[in-house]
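The same chain A turns up in both complexes below, where it pairs with chain B and then with chain C.
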Partner chain A sequence: MVLISLGYGCKGGAATAALASDAAKRVYVAPGEKDEVYAFLSGGFSGQMSVYGIPSTRLFKIIPVFSVFPENGYGYDEETKNMLRTTHGYVPWDDSHHIEASMTDGKQDGRWLFLNANNTPRLARIDLRSFETKEIIEIPNSAGNHASPFATENTEYLMAATRFSVPIPQASVPIENFSKGDFKGTVTMVKVDPKSGRLSLELQILVPGFDYDLSHCGKGKSHDWCFFTSYNSEQAYKMIEVGASKNDKDYILAFNWVRAKQCLDQGKASNFGGEYYRNYLPENQPAISEKLSGVKMLQPKDCPGVMYYMPTPKSPHGTDVDPTGEYIVGGGKLATVIPVHSFSKLMDVKDKPEHRSGMIMDIPILKYESTLAGEVKKPCLGPLHTEFDGKGYAYTSCFVSSEVVKWELGTWEVEQHLPAYYSVGHLSIVGGSSKDPYGKYLIALNKITKDRYLPVGMELPQSAQLYDISGGKAELLSDFPTVGEPHYSQMIPAKLLMDKAAKIYPLEENKHPYAIKNEKDARVVREGNTVRVYMTQIRSHFKPDTIEVRSGDTVFFHVTNLEQDFDIPHGFAVGGAPEMPNLLIMPGQTRTFKWKAPKPGIYPFYCTDFCSALHQEMQQYIRVLP
Partner chain B sequence: MKIIKNIIKFGKITPVLLGLIAFSFCGKEKPAEAESSVGSKGIGPITSVTLGALDEGMAQKGKQNFETKCSACHKFEEKVVGPALKGVTERRTPEWIMNMILNPMEMTQKDPIAQELLAEHLTQMTFQNVQESEAREILEYLRKMDKK
Partner chain C sequence: MQELLLKKISKMNRLLILGVGLLFVSVYFLPIWHISLAAPQYPEGLGMKIWIDKITGSSTYDLQNINLLNHYIGMHEIVSESVPELLFMPYVLGFLIFGAFVTFIHPRVYLIVLGILNIVILGILGMYDFWRWEYNYGHNLNPEAPIVVPGMAYQPPLLGCKEMLNITACSFPSWGGIILFLSLGILIWVIWDERRRVYVPK
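Moving on, here comes the complex of A and B:
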């Protein structure tokens, strides 16, 4: 508690914790009952996404996205390992920050989620029928895909901007050239096919060498625009925590993506290098991995009106657009105010010279006051990110003072300080970044949990906190530890997803080249030193069940689960296999376990997912001959 | 009936546990008498089936589905995972057979014959996502096999 009062003390902040007396009742979901909301949390440095029920805060699932997952073999088996291919080779880990939900007319439509990979720039699409990662596209000419993947109102595009500016194209130049303009950033427009969700790179725009941090796209009247925060407008390259904090204001970049597309169509973008992978997992087939080359690159000078800089105090993180599309809220993490820009004012002044204070790379810099709608004065310490409840209120997270501040749009008056434990990053309200928030629950995604839970060694779990924001005053209901570091979240009403969840892969639709749909077809086929085992599983046996191979053979177990019943996956594991972990094979699915037959002997294999009373009997042997 | 519905949703329940649960509410709900179950139609969507002369076309379609979705556990002459099927159309009513295909979970919980079969074979019969028309075709195939 000393820590709180010293380190996190703030007027009305953490020290005034009060839990509603009936909080337990409000988060209790009785056995057999279901939660009201799905919360999808990014896993930060775990590279995964986790699924929780709200209000119970029960963990339902971890969806592997950018990191391998031995629990079910994602990233290891012949079907999914190509999902993690990049121009740097096989990269089985990443740092995933922001989840975006697909939208139609600015409202969540429950089709897909998108997630960024910051470290090796990538962007993923997760299908919300199967809760599986279906596509990963690499972003070329980028270093640190942080301001990503933020969607336009109809998910026409996902935006991806680079956190670390670097020479583009890559070159080994003196690092001090950063401040001489040799380093650049890019903004990438990733097109989303409206039917299939397939991703493709449509256009990149070369931008000044700052650090691009976050983004949000407009809605309604601001439909054509997306907004990106940037820090380090100083272009410091040494001791950045000091060097990048000198300017009183950095920028929010206002980007007219419709105009950019127009310039592309008019031939104003030029061919540019950049290799990248696009990995796609068709239903029940091995991932298709394509190496692609070249992008269309647009220079802002060749497309007037495409970009404007709005000065924003100070090292802004969040840039959040309210449900009406009018207000763009900055989160100046070193600022003493929460600045709010007006979209209408931006439209009024953007092309009037008297409202400009300069140009960077032919991008006009507008005067701060010219686009300002208002400022929330002294809200807290370290305002970061804002979500909206759809009832005229905004909630801003404050990292340094560990609190959530509720304030009113228009009056810019603070209504309430809510303590957070501790160091809150992002917030999430159900549909809070859409046109149509369902303003009942808010979660705060915290970076630190000191003294909140039983200690478990040096590293404590990161956590999230659940608040009820349906009444006049927001109330803390509960907190819960999370998987990895929860960076950002999308919460979606359960009714939008639960009835669409896939139960099985229909066998008749299984187009896997090595699938067999009938136990009669189970067999072992030798092709030189390669052995293909066409195998089936059903409660509670394998076919074929005894197998002979030779030492040194490469053995592919192509395992099809013949079950057509909800929630009957089978597992497959071979004793001592050094390169492959467990496989979980869903009903009607085919997956492949690759195994180099070791020295002669008898090796057991078995089902790892408890499937029936005779599960323990679901085991057999491979004999390895000399 | 709500309890039963929840159990069905449970999915991956083991047959042993299932047996216990089935037993526990056998005490509360009056079970069908074993003797009267001989001509039973079972429990499920099928209440009445009219059999005509053997339809070769249907039997052929039924054979294909049987081989994909049933043959991993059922042979005709011998017990493997599930019981041998020779003579099944003489032992059971057509409705019972189709209900067992379409509704195996509830059948093994509530139908006395199916309960006995589960106790004997100890593996919950799987629902194989068979549509009603396909179950009828499989029945036709079973009839054909019994006429051989």
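Moving on, here comes the complex of A and C:
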């Protein structure tokens, strides 16, 4: 296998060259023309999300989610700084892995995207009209929110499971106690309001102390179920790379969330501690940050039928459900096969004692063969994650052998090996995790670049690769560098989003408490040592334009952009302001710049976004009096 | 001639006059004129509509954006309140509608002739007024404007298209204006039809 994959790696360069001219045509989007697909890539350790056009792979936008953003001041200004508040304090950036698209009836509906923060467990909702982060909810009783945020078929719930099991509730216990069962994991059901998208914690379920890695929810017949991979079923706590790789099988946890909700309604969950923040950014108003406490916690023993373990070879990563909802594909990082479980078989055997091999915390363990639909034999090294093209084929990424393998559902035969440069993690097909994949494009989200681009020091650009999967054989079209680590992606057909993208904030709907809608209302108001400047911007001036404050005053510039024209933001920056970057204020939006008036002198302020012919004249002065 | 002027209008033509009166009612709800502006930085276009009683942008924020562009060259802000004609225009239209109903009740050819004269005179006055208004906006510039191009005026065309700096301005009648022209045509046709019946031997 290693030889085969190395062989592919060597031939890769030549193959790419032969393909080049034809591939160039297929990714070329002429000036003024639009791409066919939006690709949303999570930023991994950058905590952001980036938006690309496919097939051109042009970068359109970076959406700050769990990270402060110098370009527009997200996370710094008075309106958005509370978005990054947590029970651990203000967290300026985090590690973000998985993007999920909202769905209706299992199909992408183009309303929201969801993203997880791994380190400080949180979930975010990004609005697909404004392409802005609108809500962040913290997940209590969790350590490492990795298997998150995976949505049920109608986005009823988002699932979030812990990567690192810890004592729940937190306690300082000897680490050796991990293997004695003192450490636990949780599965969290985050409810999504179908109209507003607002997030709330509905229920947590206490699960055995393994490491929960990834998840996917069912569709169609498996609508009621979500599936979580787990590794370290050995509960090793020293040299985990060895200790956690011993067992021949770890588990996919099959979780019946409809049943869990039933048990909650029957009062079988109990009140449990756990504090968390929920930060919500209403349209054109400052973020509302609430500190909440307590969750409903369910023990599997109190709710029979809620969970089952399906043994799955060697530290599975992906658990991916095919568009029909029948097949659950495991990606065993260290396995030599790709195991596929059958949902029908699971339903058949789950409550028959002869198909069980044991129990963990009252969760039945089923026999491997009892739920197995088939195995793809010797597909590659290190299969991780699988997506589907909707035409009966599955594509699995293989980290160790740096390739994507195409195989057929049902026959379990490998059809094609596609080299990846290099060490592919997740991959993404347009709509590939939904009930109705749009197929056509696949991107491989790679971990290592080596010789693919001009070297730029020791940290090379992060990279992804685009393949055309519309024909019989998939073909590599292009490589493209990415922002942050391209961890996972959702790709959405452009036609679902482009026409409803917001162009302005209508001024008449601006409910910001410090907004003014007319230059005539521009003014400076003193409240003790606090000065509020109600300021307007329009091409190409500010009002008020000259301001006097006293040294030591706390000055709030509440700046409203009066423009109602698409793509006319204005900027705002004050000379030498040490704590704030510049703000970018959208048409019709109000944002606040906080400034501690320094020692007496004259301080300029100006517009930082080139807005008009007289942009350079969009500048004025603040006099600081002694 | 006198015979024609005093002639009672045929039943069908009488109904046509009533139709014209009713058609005029729709002019209250339709823009009369449309000025569109095209510039590279406005790929989706900008425009304004002149109604019987107001001026609006072609879409919600167009007028505001036109005014923002205009302020660089020192044009006055275009707002409905600054055009006093818009205050009495609805009554002029009302008068024409009233005339159509009078003609329907008292169907004589001379009333149609009066109607045509009214429309033509009002039309000429209206177009002159519109031209004068455009002239004032285009020439009466703020001398303190940021951009002053010596000798440059920004008068939009009365009818047709014209280049002004990087903007192409086009001015054409809109549905209300088309209806007014159409009505005039119908009235002239009615007179021609009545005349034919008087002079053609039966």
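Simple rule for what comes next: the second predicted complex is superposed on the first by the 605 of 626 C-alpha atoms of A that agree within 3 Å, B and C clash if a C-alpha of one lies under 4 Å from a C-alpha of the other, contacts with A are read in each partner's own complex, and residues count from 1 in each chain.
By definition in this document, a contact is a pair of C-beta atoms (placed from the backbone, for glycine too) under 8 Å apart; a residue touches a chain by one contact, two chains touch by 3 or more.
Only a predicted model underlies this, so the values are computations on that prediction, with no experimental measurement involved.
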After the overlay on chain A, what do you see for chain B versus chain C, clash or fit? clash
State whether A:429 touches chain B only (first), chain C only (second), both chains, or neither. neither
Looking at chain A, does chain C or chain B touch more of its residues? B
According to the stated criteria, A:520 is in contact with first (chain B), second (chain C), both, or neither; which is it? first
With the two structures laid over each other on chain A, which partner does A:564 touch: chain B (first), chain C (second), both, or neither? both
First, second, both or neither for A:543, with chain B first and chain C second: first
Should A:83 be classified as contacting the first partner (chain B), the second (chain C), both, or neither? neither
Examine A:504 and indicate which partner it touches, taking first as chain B and second as chain C; both and neither are also allowed. both
Have a look at 8-16, 98-106, 116-124 or 170-178 and say which bit of chain C overlaps chain B after the superposition. 170-178
Interface residues of chain A shared between complexes with chain B and chain C: 504, 538-540, 563-566, 613-614
Considering the complex alone, what residue numbers of chain A touch chain C? 504, 538-540, 563-566, 613-614, 617
Interface with chain A, chain B side, in the complex: residues 6, 11-12, 14-16, 67-69, 71-73, 81, 122-124, 126-130
Complex interface listing, chain C residues touching chain A: 44, 60-61, 64-65, 68, 71-72, 146-147
Chain B-touching residues of chain A, taken from the complex the two chains share: 32, 504, 506-508, 517-520, 536, 538-541, 543, 562-568, 610-615
